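Please read through the structure below; I'll follow up with questions.
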Amino acid sequence: MNKIEELCKFSSATIHEAMGRNGNLPSGIKPIHSKMKVYGRAYTVMTMPRDNVLLHRAYAYAKPGDVIVASCCGFYEAGYWGDLMSLGAKTKGIAGLVIDGCVRDADDIEAMGFPVFSRGLCIRGTSNHGDGTLNEPIIIGDCMIHPGDIIIGDRDGVVVVPQDRMDEAIEKSRAREEKEEKVRKQLREGKTSIQIYGWDKKFGY
Amino acid sequence: MNKIEELCKFSSATIHEAMGRNGNLPSGIKPIHSKMKVYGRAYTVMTMPRDNVLLHRAYAYAKPGDVIVASCCGFYEAGYWGDLMSLGAKTKGIAGLVIDGCVRDADDIEAMGFPVFSRGLCIRGTSNHGDGTLNEPIIIGDCMIHPGDIIIGDRDGVVVVPQDRMDEAIEKSRAREEKEEKVRKQLREGKTSIQIYGWDKKFGY
Amino acid sequence: MNKIEELCKFSSATIHEAMGRNGNLPSGIKPIHSKMKVYGRAYTVMTMPRDNVLLHRAYAYAKPGDVIVASCCGFYEAGYWGDLMSLGAKTKGIAGLVIDGCVRDADDIEAMGFPVFSRGLCIRGTSNHGDGTLNEPIIIGDCMIHPGDIIIGDRDGVVVVPQDRMDEAIEKSRAREEKEEKVRKQLREGKTSIQIYGWDKKFGY
Amino acid sequence: MNKIEELCKFSSATIHEAMGRNGNLPSGIKPIHSKMKVYGRAYTVMTMPRDNVLLHRAYAYAKPGDVIVASCCGFYEAGYWGDLMSLGAKTKGIAGLVIDGCVRDADDIEAMGFPVFSRGLCIRGTSNHGDGTLNEPIIIGDCMIHPGDIIIGDRDGVVVVPQDRMDEAIEKSRAREEKEEKVRKQLREGKTSIQIYGWDKKFGY
Amino acid sequence: MNKIEELCKFSSATIHEAMGRNGNLPSGIKPIHSKMKVYGRAYTVMTMPRDNVLLHRAYAYAKPGDVIVASCCGFYEAGYWGDLMSLGAKTKGIAGLVIDGCVRDADDIEAMGFPVFSRGLCIRGTSNHGDGTLNEPIIIGDCMIHPGDIIIGDRDGVVVVPQDRMDEAIEKSRAREEKEEKVRKQLREGKTSIQIYGWDKKFGY
Amino acid sequence: MNKIEELCKFSSATIHEAMGRNGNLPSGIKPIHSKMKVYGRAYTVMTMPRDNVLLHRAYAYAKPGDVIVASCCGFYEAGYWGDLMSLGAKTKGIAGLVIDGCVRDADDIEAMGFPVFSRGLCIRGTSNHGDGTLNEPIIIGDCMIHPGDIIIGDRDGVVVVPQDRMDEAIEKSRAREEKEEKVRKQLREGKTSIQIYGWDKKFGY
């Protein structure tokens, strides 16, 4: 099991907390089906609004296991990605798509088991001008994503871990999980979190 | 069967109509799974944006059967509540959460069958300052909620019934249901609602 | 099989593309269940915000197979349509509802298999003043819909085809499908779309 | 002095209150200069988003003294009106423009003293397709405006008075003004409004 | 010169920075005229949406020199305050109004020189139910305001200083001003801020 | 008179139209005073949300006559620029700032006559991390701006002209102006635009 697989056993929320509450993408970016999960290294795209040439190019150039991560410059109302691109990307071994914009052909994408996280579904077509950037740093929400950063997405949302901090992320997520498991045990015994954390004394009633 | 159980047999929409079209929370507040329902007396919380100490305190102080109802002062983009808090609250017998903000750990919360109604799912963590109010009147949307008010939530939305009007709500909801059942019968026979209500004459064509 | 049935075998996205990227309604209008589909001729409604008399009248006047298509003048936060109206409309043979506003009684509507596409679910009741227009051209998003236009809706969204261009829509959708099937074959063989479209040369790397 | 001139001596807020808190257009519609005022009978326009043919036609067909009142179907980000149209309209004796969208050439319009109330200023050009309606009822915000209704606009906003209620509007506005003048006198003497209205007793402290 | 007068010589931005980048109200709250300034101790109000009884009561109970600071629970589209209330408040010596909602009668308010900071101008009238709170802590944006806190508002925005930190605010603002004056001198001599702050070395080119 | 000075005699709206309705920045970006105008070559900046190091660096590196054009990645609620930076930039001969975010110290900036176009005024301070890009292509709204492109801004808005199309822009703007002057003459004589453009025949009545 490689390190990304180790990391992806933790939820996006756990990793986000473990990394000091960093790396969260906007909550509007969600899987098109609640059971979809995605993980891998980011191949980054910034595309002009309403254009998707760079997304076609991205999955052609990315390596197997990569996740395409795309900014559409704040314009969501277009179907930047569909079933054909999903088929092409899946065939190439691409791990999934995280896009700050909409997609279409949700049924087909879901049927082929290709993970897509987006702002929603939109049928509106795109142009073919091809402006933007490929595999350079991009910004989504208040998070900068560098090519090669680790992406973990689940129903709750998407988190980005800087590639040189993966060991730290695994270790801290595991520590957090262990700590939470102890809290869970106490909660099941009827203690409340304010007792467990000592907040009953700190905040009183 | 107590009165809240009697009331909760009616849908949120029916109760809202029966009470003179009052008590509806904003439609953006929805169950994290469409089959979730919630009912009980409100234990109210107003928390500062991005802080969740008061939610920890709320479920510790609330009575079994209470629903935690929380305003986050208009800031939705945070995961104010998660699986640990759900476990703690469920263990204490809390009936559910209605929050004008986001939550996280949706899969775990759903698995334990704890009803959560929220603005959506967000992994972004919260702080621990503890400002706000507990069990005092709060305002969500254009609805004031007093501690002890009755909360009924289903897939369509959430309605609030003032605690001293529960009998009225049950009675009027039942009357409305009976009236609607008669309309249903006529509709099945092929009459249209404008015929049943006499609107064909009132509005003509 | 009539022509609308022929057309509705294509997805909303395919038809939108085939018709030159036209006819797409705003992506916020979605089926209340992801498996719902709708198709038929538009019976158009423009209702004043928060009023639903015209929707009652619409399903009474529309012909079997028609789809009620309604603008609520930009005000979404009301439950303009519910289970009784769905029952009445379904009994009359109405094919479904597409509304630029919210609805309620989602469980009942879903159970009776009446397709409803809306901005979401909202319990807030409506008034009975009756202002607006019936079966006249309406505008939703940047799309004008004339009475009798063809409506096709699925999980991805809703597309409108001018009634006098149905043959063209069928033919062009079929042509697009055939072209896409060829692309699919090449994608499965490992080619990427930039190779298939010749974009690898046009845009280089 | 005709009746509209009599009515326009009252502020938009006074008329809105006098008419039972009705007829207010959305507060986002404001004069392009805070000292501009507009009054006259509505010549109504509904134009497709991003198109302005109907506005050209509107001022050509409207009568001197009319105010062009236009809905742009919720799409504001275009310059639907500019200096040439203002010159043409002013030359024809049109009293002004109230538009639920943006305009451009603000300096020139201001210099020629033609009153324009809009959502803001935007340079983005429009198309020339010509779809929409002329001099039929339109809806802006939650207000229906019929051709011939009275429009009064000032810095605070815009109010619409049904044409058959102008006498009532004048009378009630005058009555309200007189009542307010008495309140003003008491306020200047140091009484507070809760004393004047008896709210000190009703609401206590 | 008392301490508030000492503090109000600094701009809202300077005080905000000096206090560690705290206390800023949302930037949407602006003076109705760009030259208006306001300062004083906060008399706090939380009113239900669309209701203004508590604002009438607020100015009656507040002390001369107080600034009424009001939350309207996120609903801006109403004219919560007007010329009569301004006259009453001014007569009582109230220093001004800061409201997270709209007001009306802007010309009259401006003419009497009563400072009003609001979300904008709106003629839509309010109800008289009287729900909410008076002179208790309120939250606007992500800022909690306690009765007696110091309010400073100018064209750039509004800042809140906790009442027990006024000395600190004066001292730190003065220090910041002095530091900025030195920077200004260097800037006038042709140095750039990256040279002055040493950022040319830190960030390179 | 150089070419930029020649071009800037035309309004932003005229240039936008002349260039085929291209190059318009979002209408929310406006001068902080309605009489401000800006023109020059773009020195482009993309800064992370809430950070302004790159803006300090930008004016230090830009050439006299350049306009700093900055994207803040969609986050407006911060005061990215103020009086010190304006002083530094003005001293260096920078022609102005166009920023898709807020600024502060509006009075001081206005007093020194440094043109600033922004989303509004906000006192909220920024951090000093320094992430982003300098003098590389950026995207604001649906417009890509390359370093060296020509920026023209006035009260109506801001337009971008590709640097290699300046001659075309001047020529086409002049042609448009001349054409409009002829229309103006006809309008003054009482013709309407539908007559002048032949739309009275095309669209009928």
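As written, the chain order gives the labels A, B, C, D, E and F, with residue 1 at the start of each chain.
Heads up, the rule we're going with is that contacts are C-beta pairs under 8 Å (C-beta built on N, C-alpha and C of every residue); 3 or more make two chains touch, one makes a residue touch a chain.
Predicted, not measured: the structure shown is a model, and the values here were computed from it.
Looking at subunit C and subunit F, the chains in contact with each of them are A, D.
Although subunit C and subunit D carry the same sequence, what matters here is overlap: shared residue numbers make up over half of all numbers found at their interface.
Using the mean of the Cα atoms as each chain's centre, the chain most removed from subunit C is E. Distance from subunit A peaks, on a Cα-centroid basis, for D.
Note on A-F: across the candidates A-B, C-D or D-E, the interface recurring with over half of the contact pairs conserved by residue number is C-D. One finds 30 Å separating the Cα centroids of subunit D and subunit F.
Subunit C and subunit E have centres, each the mean of its CA atoms, that are 48 Å apart. The distance from the centre of subunit B to the centre of subunit D, each centre being the mean of the chain's C-alpha atoms, comes to 39 Å.
Looking at subunit B, one finds that none of its residues touch two or more other chains.
By the contact rule set out at the top, the touching chain pairs are A-B, A-C, A-F, B-C, B-E, C-D, D-E, D-F, E-F. On the subunit B side of its complex with subunit C, the touching residues are 11-13, 16-17, 21, 24, 26-27, 30, 34, 154-159, 180, 183-184, 187-188, 190-195, 197, 199-200, 202-203, 205. By the touch rule above, subunit E contacts subunit B in their complex via residues 46, 48-50, 73-75, 131-132, 139, 141-142, 144.
Those residues of subunit D that touch subunit F in the complex are listed here as 53, 56-57, 59-61, 77, 79, 82, 84-85, 87-88, 91-92, 102, 104-107, 120-125, 128, 130.
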